[in-house]
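What follows is a set of structures for review.
The following pair of complexes shares a single chain, chain A, combined with chain B in the former and chain C in the latter.
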Partner chain A sequence: MIRITRRAALAGAAAALAAPATIRAQSAPVKVGVILPTSGVLAVPGQASRRGIDLGARMIAEAGGPRMEVIHADTASRPENGRVAAERLIREGCTVLVGAWDSGTTISAAQAAEPARIPLVVNIASAPQITEQGFSMVFRNFTPANVLIRNAVERIREFGQITGELPRTAVLLHVNDTFGTSIAQAVSALWTQLGIPIQIVETLSYAVTARDLSAEVARAKAANPELLMPVTRVNDAILIVREMVRQDFVPKAIIGPGSPGPYEKAFTDAVGRFGDEYMVCVPWHNPRNPRTAEVLQRFAREYPNERFELNVGFSFEAMEIVADAIRRAGSGDPAALHAALRTTDIQDHIMYGGPIRFDEKGQNNNIGGVMLQNQNQEPKVVGPAEVAEARAIYPLTPFRNRR
Partner chain B sequence: MDLVAGVIANGVLMGAVYALIAFGLTIIFGVMRVVNFAHGEMVVIGMYAGYFLWAAFDTHPLAAVLPAAALLFLIGYLLQFHLVQHFLARPAHVQFILFIALALVITGAHLVAFGPNPRGIFSLASFEVYRIGGLRLDAVRSQAAAAALLIVALLWAFLRASRLGRAIRAAADNRTGAAVVGIRIRHVYAVTAGIGMACAGAAGALVAPLFDTHPFLAPEFTLIAFITVILGGIGSLPGALLGGLLIGVAEAAAALVLSPSMKSVLSYGLLILVMLARPQGIIGSPEGQR
Partner chain C sequence: MRRGAIAVAAFSGLLALGPLVLDGYLLSLLALAFAFAFFGAAWNLMMGFAGMLSIGHGLYIGIGGYTVAVLLVTFGVSPWAGLPLAGLLCAGLGAAIAWTGFRFAVRGVYFALLTLAAAELARILFEHWPFVGGTGGFFLPALPPGNVPLLTLRGGPEFFYFAFLLLLTAALVLTLAIRHSRMGYRLMAIREDEDAARASGVPVLRMRIAAAALSGGMTGIGGGLFALMNGSLFPNTMMGVAISIEIMIAPIVGGLGTVFGPAIGALFVMPVHELSEHLAQEAGVFGLNTLIYGLLVLLVVLFLPAGIGPSVARLLRGRR
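Here is the complex of A and B:
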């Protein structure tokens, strides 16, 4: 007679449960951990990114894509929480991570993903070191600062060809956080190297917490530039425009190289038509791609009071990259997902640029950059010609003629 | 020359607004010896009041000052009477935790109720300027500064001349003595807290057209209020005014002479200097330090 002890019964049960693990993995949803700053000072772009993630997950599910369970973790806009959030999500069984909007948080999350061998798909973060300091788990579908600026400089050069002239002098006015400083450094490094015939007569920086930019704008105005290049977040972009109106500072153009802010709804709501004709050079969705139109329509239906901008777009695309990898890997196993991500090759996607592929450092080098100009309080693509949806207005209409 | 005059004048105007923000903090501390770490959150409540009044009725920004002050007076009175009162005899760190908890609750409530998006008052009035010679003064900021100075003056007169004002000062000077002569301390304290928070609310309504309102502005305002009162002298009303103006002008001067990103270096430097040379603040009395 075979005596079945309780221990043996448990062991048997465990073995029975474990045996078809691979089969079950395909039917059980793959847990996707999403790390974003949905509260704190970065909550606006953080929540915009979350809308992109959620919309992406829903549309993939409806199209019969692989089953995914999205688990969100908020970093409260504190970079050190990137690691905490990543560790928590990994403990909860996530086998792939998406995040984390800002560079500091992304690096901190990557430090947790690396030893756990869990791939991290970066939706947005531009510090070059994210793909330069040897992380093997990171896949970034966003432009690093130097490429962001290279694209911006390219757009500014084309802009001169469209309008027939370029401004001759410029003031660079930038926020002094990690992002603003790395952009400013990239501008000064690439400006002469790429032969832009615009002389930067003054560079001014201000603290990220600045409440009042009247002195900054007064100094920029005193330098009398033909071009103002603000590198901002959204709140400071609003402050700058208000001060420009009050101080009647009208350069020939305002172009923010690589700068967020003016395309956000908070900006156009806050400054109305005074924010029109403000330009930025950023990665953006391709308005001529039919798939983009479909996603934009769906977004407008589900979030009628929000705008589909690059935070939404790149987060949406991050989910498509993850879904594509799960489909090709055939399971949620992190090693299989990592191998699948390495061979990613997505031809038709919504953001402007070439196919999504990752190099050996995990960087997608095919992301394009457009020139946006606010027209009637909506950002419109004005360059390059192959995706332009409107003609650029130049020079800037004086603010006193817009009341 | 216009550049220098314009920037300094703007510094003075901002300074007056800082002074009003700091006023509420200093009056509450001066009377009850509690430090309101949720002060910035009260300012943000005032900002939301200003924003929603504008959004609903398209009112002039100044029209929101009284309703915002009244709302915050009520909040301050009730908070003090029913909650803070029980913490007055507790050690300082317990009070700190209470106010920090309050601050977190208020910010969280703002986030849940209104979301993270900054809400800006967009009216043509917010782009008006007064021209004096070559000088361009921002109209909203000038009105805010003028209103702030008026409120400060009225409050000062109230504390000097009115019966209730004298009772508040009596309670601040000697709590036991005030109670002995029949002053209802609990009520007087609640009124003081109400006045302090009404100042924060009024300041909030005044700055709503200047800064876009969002839940995470609060710590900024708390910090500004602290620097201002420490500079001027804790518990001193003229000190708060002087502190506010000094910070406004110091920031403007730094932006002009040094780099704009060095703004706070000068105001914090000033703070350290004052703390070393005159720990009670420029106008503060040594008792303010207790």
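Here is the complex of A and C:
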């Protein structure tokens, strides 16, 4: 197990000298157990989350925050390991847990945390049910899928205000796995509920294992929509863009509601300029916050080959939530931490949204969603207006003009 | 037979003392090992004894799990009733698949594909069935304070440790009894040469259906308990290809077609999994654990093709 021992301890010791009496009174660092899928099928987002945790722990220590010792556990992407990992971290003396990226693992870990009365701060996990099962130890600083999609659809509706016009027709193209299907269903339902004036003329799906999407893209093109809404993961997003270039399919806009993929480095590296102007609506950091800029710079220095995306951001923020609770609790006692987490009220934080507060079920309902557009191979926030860092480019530049 | 019975009694008796010395972490780790030993033992009844390769046992884990979970959450039926029902349902499914395979003379690797197809069919159906939550998953409520594990069949590490140990012990006793029964010899005759067995008067269809029903039923009950332990169910994690493959590893590593193979395999594989995870975290290399795990399993298969159990037994006999 890796502990951020030496450096954190040094920094912590230095901080303790300068810090107020309550923190100095702490004798030992508070052990924070982190459960993530850093190997196996979820390794890519799991490792990105890990970077956010590590960076958060370092920056908190340097800023003179409470002393924390981070202990990591890898679930190898198997949900049943969540419980085992949580039990182990609790045995190692962790009095607060962070995790676990995927919903099944989070519930599995929560079942160990609940009887042990150890709070579990959820960095990422989107199943709405997680905070509906009566767990009193769970605190989630991530949008449940239904809210995430609602935010995404809202962004699409507002899009007309940014560009002056809304596309009139759309094709919804989604991967037919667990997540793709549920997002597509939610989008369709919200579409009528919120009265979005864009007509979805066709809904197409493809297998998660597809290695060729030429037929699907051809069908989408044949429907001649002004808006293409792909719900993808990263590899299929790459396939879709390549196919669109090959078939010269240029709708007025590409917007993935609630879809990962295009903001990931693997995507922009693979398709380069052809991935530009592709938009997605997701929870994201607030680029207008000066603290975000500081964190982004530090991240770029420490991980020059990686991107600060939402997995990193929410994991970073989870550490800030934990540090804030320790600071206010004045100790690492789990009951005190639990009470402190309940009254969390963090105004200034890096992810876009209102203050971080947890309702009686442990859900933070103030998390926003932005519209991102890839510009010069970097995702930029183009909406909502209050946090936009760039103007949305609309309509889409034809691919043949991009060489 | 008597030596085997003594071994089962010693094995389970010793492990039953576990909670006296082990903490919650080791108990939950061993509970998981027992679960996979149990799944392995059930799978082994088909593959190890009857030579029916199933690469779709996730079907029974999933159907068993969903049966228990949906009965509990949606209909308020206690798992005490849910688990036997899950077992019956999965036994029926196993029998139906075995019958289909026999009826259309689907043998060997084609039978394996049939089992895989059944599991995938179920997974896809469940992913599109809103009643069970579809792809979004199905969740069990948190346990209230003052929960009585023996009533709800849900609880902490200690409860699941004993529950899966009990299931495993039952599976070992059953396997042992079958191994030395007329049914066992008939199954092994089918495994070695189905046509010769048939020619000698072995009721092949009946035997194959019995093995598959037993195996499916056991896996279904295990799957129900597995769902109660995990607290959430997703079609791809409960009945996807990954879990179907996962449960084959313990019996293959431990010794195919032997009584103790699955248990030995699971009790070897689980610590290896956990230790390599520890090493990977210590070294700070992501994925080192899966690499070590894969290599060790590979080495066992290469150098101890009969599995750890038989190899150790041979070694002990040789020494004597």
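FYI, the second predicted complex is superposed on the first by the 375 of 403 C-alpha atoms of A that agree within 3 Å, B and C clash if a C-alpha of one lies under 4 Å from a C-alpha of the other, contacts with A are read in each partner's own complex, and residues count from 1 in each chain.
We take it that a contact is a pair of C-beta atoms (placed from the backbone, for glycine too) under 8 Å apart; a residue touches a chain by one contact, two chains touch by 3 or more.
Every value quoted in this text rests on a predicted model; they were computed, and no experiment measured them.
Applying the stated contact rule after C-alpha superposition, one finds that A:91 touches chain C and leaves chain B untouched. In the superposition on chain A, A:129 makes contact with chain C only, while chain B stays out of contact range. In the superposition on chain A, A:211 makes contact with chain B only, not with chain C.
By the touch criterion defined above, A:270 reaches chain B but does not reach chain C. In the superposition on chain A, A:385 contacts neither chain B nor chain C. When the shared chain is aligned, no partner comes close enough to touch A:63: not chain B, not chain C. In the superposition on chain A, A:43 makes contact with both chain B and chain C. Note: residues 39-40, 43, 47 of chain A belong to the chain B contact set and to the chain C contact set alike, using the contact criterion stated above. The residues of chain A lying in touch with chain B in their complex are 39-41, 43-44, 46-47, 176, 204-207, 209-216, 218-219, 222, 234-235, 238, 242, 245-248, 265-266, 269-272, 274, 399, 403. Partner chain A is touched in their complex by these residues of chain C: 23-25, 27-29, 32, 35, 127-128, 134-137, 139-144, 156-157, 226, 229-232, 234-237, 273-274, 277-278, 280-282, 284, 286-290.
Contact residues on chain A toward chain C in their complex (touch as defined above): 1-2, 38-40, 43, 47, 50, 72-74, 76, 78-81, 83-84, 87-88, 90-91, 103-104, 107-108, 110-112, 114-116, 127-130, 132-136, 145, 177-179, 181-182.
Within the complex, the chain B residues that touch chain A are 3, 6-7, 10-11, 14, 111, 115-118, 120, 122, 124, 126-127, 129, 136, 138, 210-212, 214, 216, 220, 251-252, 255-256, 259-261, 263-264.
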